[in-house]
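Just below sit the structures, each encoded as structure tokens.
In what comes next, chain A is part of two complexes: it sits with chain B in the first one and with chain C in the second one.
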Partner chain A sequence: MTAQEVRLCGLLLQEHFGDVVEKVGTHLIRSGVLTLRALAHETKLPLDLVKKSLCVLMQHGMCAFGAGRRGPAGPVEYHIICEHILHMLRYPRYIYTAKSLYGDTGELIVEEILQRGQMTMSSTVKTVADRLTHNMPEGQSMDYSEVVSAFSRLVETHFLQRCPPMASAGSSSSEAVNTPLPVVTQPTKPEDHPECYRLPYINLTGQGKRRRSSEDGEAEQRAAKKTKTDNSERGDEGIYWQVNFQRFHLHFRDQAIISAVSCKLDQTSSEIVRTMLRMSEVTTPAHAAFTQALSANEIFRALPFSYNIARPILDQYLTLLVNDPMEFVGRTGDSGGGMYVVNLHRALANLARATLESVVQERFGSRSARIFRLLLRKRHLEQKQVEDFAMVPAKEAKDMLYTLLSENLVQLQEIPKTPDYAPSRTFYLYTVNQLPTARLLLQHCYKTVGNLIERRLYETKENKRLLEKSQQIEAILASLQATGAEAAQLTEVEEMITAPERQQLESLQHHINKLDSSENQVDETIFLLESYINSTQAPP
Partner chain B sequence: MTEVKVKKESTDPVDIENRIKELCLQFPHGITDQVIQNDMPHVEVQQRAMAINRLLSVGQLDLLKNSNGLLYRLKDAQSASKVKGSDNQEKLVYQIIEDAGNKGIWTRDIRYKSNLPLTEINKILKNLESKKLIKAVKSVAASKKKVYMLYNLQPDRSVTGGAWYSDQDFESEFVEVLNQQCFKFLQSKAEAARDSKQSPMVQRNSSFATSHEVWKYICELGISKVDLSMEDIETILNTLIFDGKVEMTIIAAKEGTVGSVDGQMKLYRGVNPIIQPTGLVKIPCGLCPVFDDCHEGGEISPSNCVYMAEWLDF
Partner chain C sequence: MAGNRGRGRSQFTFNVDTLRFGRGDSLPTSAHTPSPLFPPMQFRPVPLHTGEEVDYMLALKQELRASSKNLPFHIKAARTKTDVARYSDKYQNGEPKYNCIEWSPDWSRMPKELCIKVQKTRKTGAKPQLTQKPKVAARKEEVLQKLETLEKREQEQHSEEEEDEEKKKQNEEEEEEPDEDYDEEELEDETDYIISYFDNGEDFGADSDDNMDEAVC
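Right after this comes the complex of A and B.
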């Protein structure tokens, strides 16, 4: 784990779970693998607090445990899965995707599960139905069956999956005896479980309940008691569901490829690529370099009707896609009218390269971007050749190359003519390596997001007094309205906030919104670079 | 077969010289000492040597060396007259410069080849320049270096830099203007193809332009004072490729078609970038010059960042 990643994880944990979890989490990230006792001792926190923090982390899938170095007989060791903490940055994007695909119901389901980490189907359905009913006009309520259908659609397309079952140590069931505890280094993947995507049979009928504000306190207590008894009736206790992050990532990757195709070629080509990707959604393994081969006949049948493309035109589009220098689509055979695949890894590499070029362009200017692209294409060049190809005057070219070199975006390769590396007798070639540069930029992105979060916390802290005052005033206003006060009293209370303070509050709100949205924007870059780097590594 | 003429015993030096010149004319590649000896066996070595030296000093004979020995060759009458008024050293230097052709030669190299001291060289060069036999051309690679070449020769491209350099200055604005014009031409062609709404293959093919077409367009625009060749236009189009605005394919073409080089033609086409500017560059940190110095609690930190403050108020 790099320093920037650790810092970012710490900030995210603190924001979402509080100081204690942050302390435990960062310490565990830094140390790698620890037993419970060691962790409690080193963080100097009481044992039960450490236990609770670990429970929180495990509930969200960020911490895993397994048999330690001393084998099954020794104490259990815990380790943190850093990627899952960093996924917290992407939660808004997941929720937005669910909303665009499955509407408000889908959005709320995903939001609930992300918030709780793991949930049973019945409790999710009930909570979501209640929330939806709350927002509906009086007299209407949400039927459970609608929520159930949305849930099952999410499971069918693999966006939700069952949590892998934990083999309990020394339990009475025969299963547990046969399956030993997983070793720390090889956690079980959810996909290994054969019933990963099977919906349980539950008996769930009814409608969402609207919560009245007057019966708030009582209703909550009753609802809490009710959930405990309800679960046992519904028939799916012990089957917990979690969000399948990988599936969302594949979806984002497909979206990026489709938008790139539509920018480069045209709308119709991007629709064809979208159809191809949709057809191979669930059949292609996660780390594959290509989708499954699809014949032109299948693609033709699967195209949406609104496009009304004739068969020979479709063939022409496919040929154009294959001949495009970006090589999004490749042709692998001739049966069935031509077998076509989408080149996933190559598309990711092209997108990552475009990201690098855009960063260089925005940061250093279009001439430096020209030199950067030139070096990416031609691999190794001498200084004189760089000047000639880029048509940049010699002095400026030298200056730009040295700036890029100092920022480590460009490397220098020495090829000596003589065994002593005498400078006058050595060739100095400039080169760009895409993968290390992508990793460097990824670390920059992590640092940037950390900076944004810190700035947001700072802004909030600076204006804490003002925020507290405005909150008090709002509380007073609300209570006054509830007890039916006169208009004069309300305006008097409102005027307790002066105009400049109001303006300050507005600008603070504006700042925080801007910082929030820019975190999401940087996260897009992080996603592209991370996917590219993961695609170059061999699959586990 | 040469007729063996029984000549009078003539030891006249002028006759010897004339005889040598005739022999040279017979053998334009050059004659060795042996040949002269065979022809005039009665002439003594000394007389022969004197005649040869006289011819050399007058400049009518060229002395060359090959693996077998020395060769004498008749010098070109025209060039012989040119250097008539100069002495040996000047002739030597002139010869060296002439051999350098249109690439020119540097003073230090002249010194190595002729083994003359620097002061002598400079005097001779000034002399020759005043006689308008050689000229100095500034090299574009190293601006202080001067190369010398014959007066009436055109300097080679590597010295002047070709069409992009005027007076040793790289013409950046000229290149920029050409760049934009080519790009506009290709972009308008691509848009016309897109609007034509024909089948996609035809659309794509009509959005391509050969390098020959672009060259003709630029020539007709008339923005260039210098004549540009097709290779020049191709270098400009290559810079557009490196800008990411244009892509190129090569197709096989018949030899006879216009603009084809070695049976190939290069086609260029305007393209759009495949992604929008990425998220990282939309915030100040992505462009910050002091990014590496920024830490929480330091002089430069996210909390007191000036760039961020300005950006937030925007």
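Right after this comes the complex of A and C.
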């Protein structure tokens, strides 16, 4: 774990779960693997607080436990899964995707499960139905069956999966010998279990309940007691569902490829690529370099009705896609009118390369970007060759190269002519390696998001007094309106915030919105670079 | 190679031509200070994306942040105790309790060592009295000792009442300490007799030395 990743994880944990969990989490990330006692001792927090924090982290799938170094008889050891903490940045994107695919119901299901980490199907359905009923006009309520059908669709398309069953973790029970704890180094993946996507049979009928604001406290208590007894009746206790992040990532990757094709070529080509990807969704494994081969006949049959293109036109489009230098689509055979695949890894590499080039362009200007692109294509060039190929005057080329070199975007490769590396008798070649540069940029992105979060916290802290005052006034206004006050009283309360304060509040809100928006946008770049880097590594 | 040193003043070890700067040019100035924290940017950054999708995700992000503060997963550390214990501390409910967990995870999926024994919350009515009883008992013992050295008549009268109280309190304390999972009904049965028999007012009045002399009289 790099320093920037640890810092970002700490900030995210603090935002969502508070200071205590942040302290426990960052210490555990830095130490790697620890037992409970060691963790409590080193963080100097009370044991109960440490236990609570670990429960929270495990509930959200960010912490895992396993048999320690001393085997099943020794104390249990805990370790943090950093990627899941970094995924917290992307929660809005997951929820928005679920909304665009499955509507409001799907959106709320994914939101509930993301916020609570793991949930049973019945409790999810009830909570979501209640929330939807709350937003509906009076008299209507949401039927459970609709929510159940949305849930089933999410599971069928693998966006939700069952949490992997845990071996019994009791160290004192005699069954510990028969069911060994998972070894810390090899976590069981959810997909290893055959029933990962099987829906349990539950008899859940009814409708969402509208919660009246007057009976808030009591109703919640009663509801809390009810859920404990209800779960055992519904028939799916012990079966918890979590969000399948990998599936969402595959979806985002497909979206990125499709939008790249539509930007570079045109809408019809992007539709063809979308059809190809849709057809090979379930047959392509997660880390495959290309999709399954599809024949042109199949693609023609599977195109959506709105695209009424003739068969020869489709062939022309496919040829265009194959000949395009971005190499999104490749031709692997001639049977069935031509067998075509989508080159996933190559597409990711090209998207990452485009990101790097655009970063250089925006930071250093278009001529530096030209030099950078040149070096990417030609691999190794001497300084004189760089000037000639890039058609940039010598002095400026030298300046730009040195700036890029100082930023570590360009590396210098020495090729000696003589065994002593005498400078006058050595070739100095400039080169760009895409993978290390992508890693460097990814770390920059983590640092950027960390800075954005810290700046937002700083802005909020600076104006804390003002924010609290505005919140109090809003509360007063709300209560006055609920009890039916006159307009004069309302305006009097509103005037308690002076005009310059109002302006200050508005500009504060504007800044916070901008910072949040930037975080979301940097996260898109993070996703692209992470996917590219993961695709170059061998599959686990 | 060593012989060349000192001859020819501005001779560099590397081939000057390949680096494209002539002899007359000055080398770039060396840096004396670390680079500034916020260096001036050559090019302005590109404006952010806008659109409905972006706005919706922004709203989602802010909502998630706000609602996660209200979930039971958000653990707040206890406020550090100020120097003086204040009277109002007793009535502030904001103190988070460490010894209970506000949501119940599925304990079969977590290691047993993380399970925190939940203490049943007692009704607030019984609480002040229970906390007062040990204090009252301690004060009672001090008072007894003082009274023994003072007049015997008052001591006899008080000791009768106090012995009854003490016995019952000792019984309660023994019951209280070992196991806190007792039902509140049991304790209330034990203490019912005492609640009605001994009022707070009488206890408070009877504690101080000066008042006791006068009250008995």
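As a convention for this text, the second predicted complex is superposed on the first by the 529 of 540 C-alpha atoms of A that agree within 3 Å, B and C clash if a C-alpha of one lies under 4 Å from a C-alpha of the other, contacts with A are read in each partner's own complex, and residues count from 1 in each chain.
FYI, contacts are C-beta pairs under 8 Å (C-beta built on N, C-alpha and C of every residue); 3 or more make two chains touch, one makes a residue touch a chain.
What you see is a predicted model, and the numbers here were worked out from it, not measured in a lab.
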Contacts of A:Leu54 with chain B and chain C, given as first, second, both or neither: second
Partner chain(s) touched by A:Gln521 [first = chain B, second = chain C, both, neither]: both
Which superposed partner A:Met391 touches (first chain B, second chain C, both, neither): first
First (chain B), second (chain C), both or neither touched by A:Arg363: both
First, second, both or neither for A:His444, with chain B first and chain C second: first
Which superposed partner A:Ser424 touches (first chain B, second chain C, both, neither): second
Partner chain in contact with A:His251 - chain B first, chain C second, else both or neither: neither
Partner chain in contact with A:Pro46 - chain B first, chain C second, else both or neither: second
Touching partner for A:Tyr317 - first (chain B), second (chain C), both, neither: first
Chain A positions touched by chain B in one structure and by chain C in the second: 362-363, 394, 514, 518, 520-521
Residue ranges of chain A in contact with chain C within the complex: 15-21, 36, 46, 48-49, 51-56, 58-60, 65, 75-76, 91-93, 95-96, 111, 115-117, 163, 166, 168-172, 228, 238, 240, 362-365, 382-384, 387, 394-395, 398, 422-425, 428, 513-514, 516-521
Residues of chain B touching chain A in the complex: 164, 170, 172, 175, 179, 194, 199-201, 204, 235-236, 238-239, 242-244, 247, 249, 271-283, 285-287, 291, 294, 296, 301-303, 305, 308, 312-313
Contact footprint of chain B on chain A as seen in their complex: 256, 259-260, 263-264, 266, 268-269, 313, 316-317, 319-320, 325-326, 350-351, 354-355, 357-359, 361-363, 366, 369-371, 373-374, 377, 389-394, 441, 444-445, 447-448, 450-452, 454-455, 458, 507, 510-511, 514-515, 518, 520-525, 528
Touching residues on chain C, where the partner in the complex is chain A: 13-15, 18-21, 42-43, 45-46, 48-49, 53-54, 56-58, 60-62, 64-65, 67-68, 71, 73-77, 98-99, 101, 104-106, 108-116
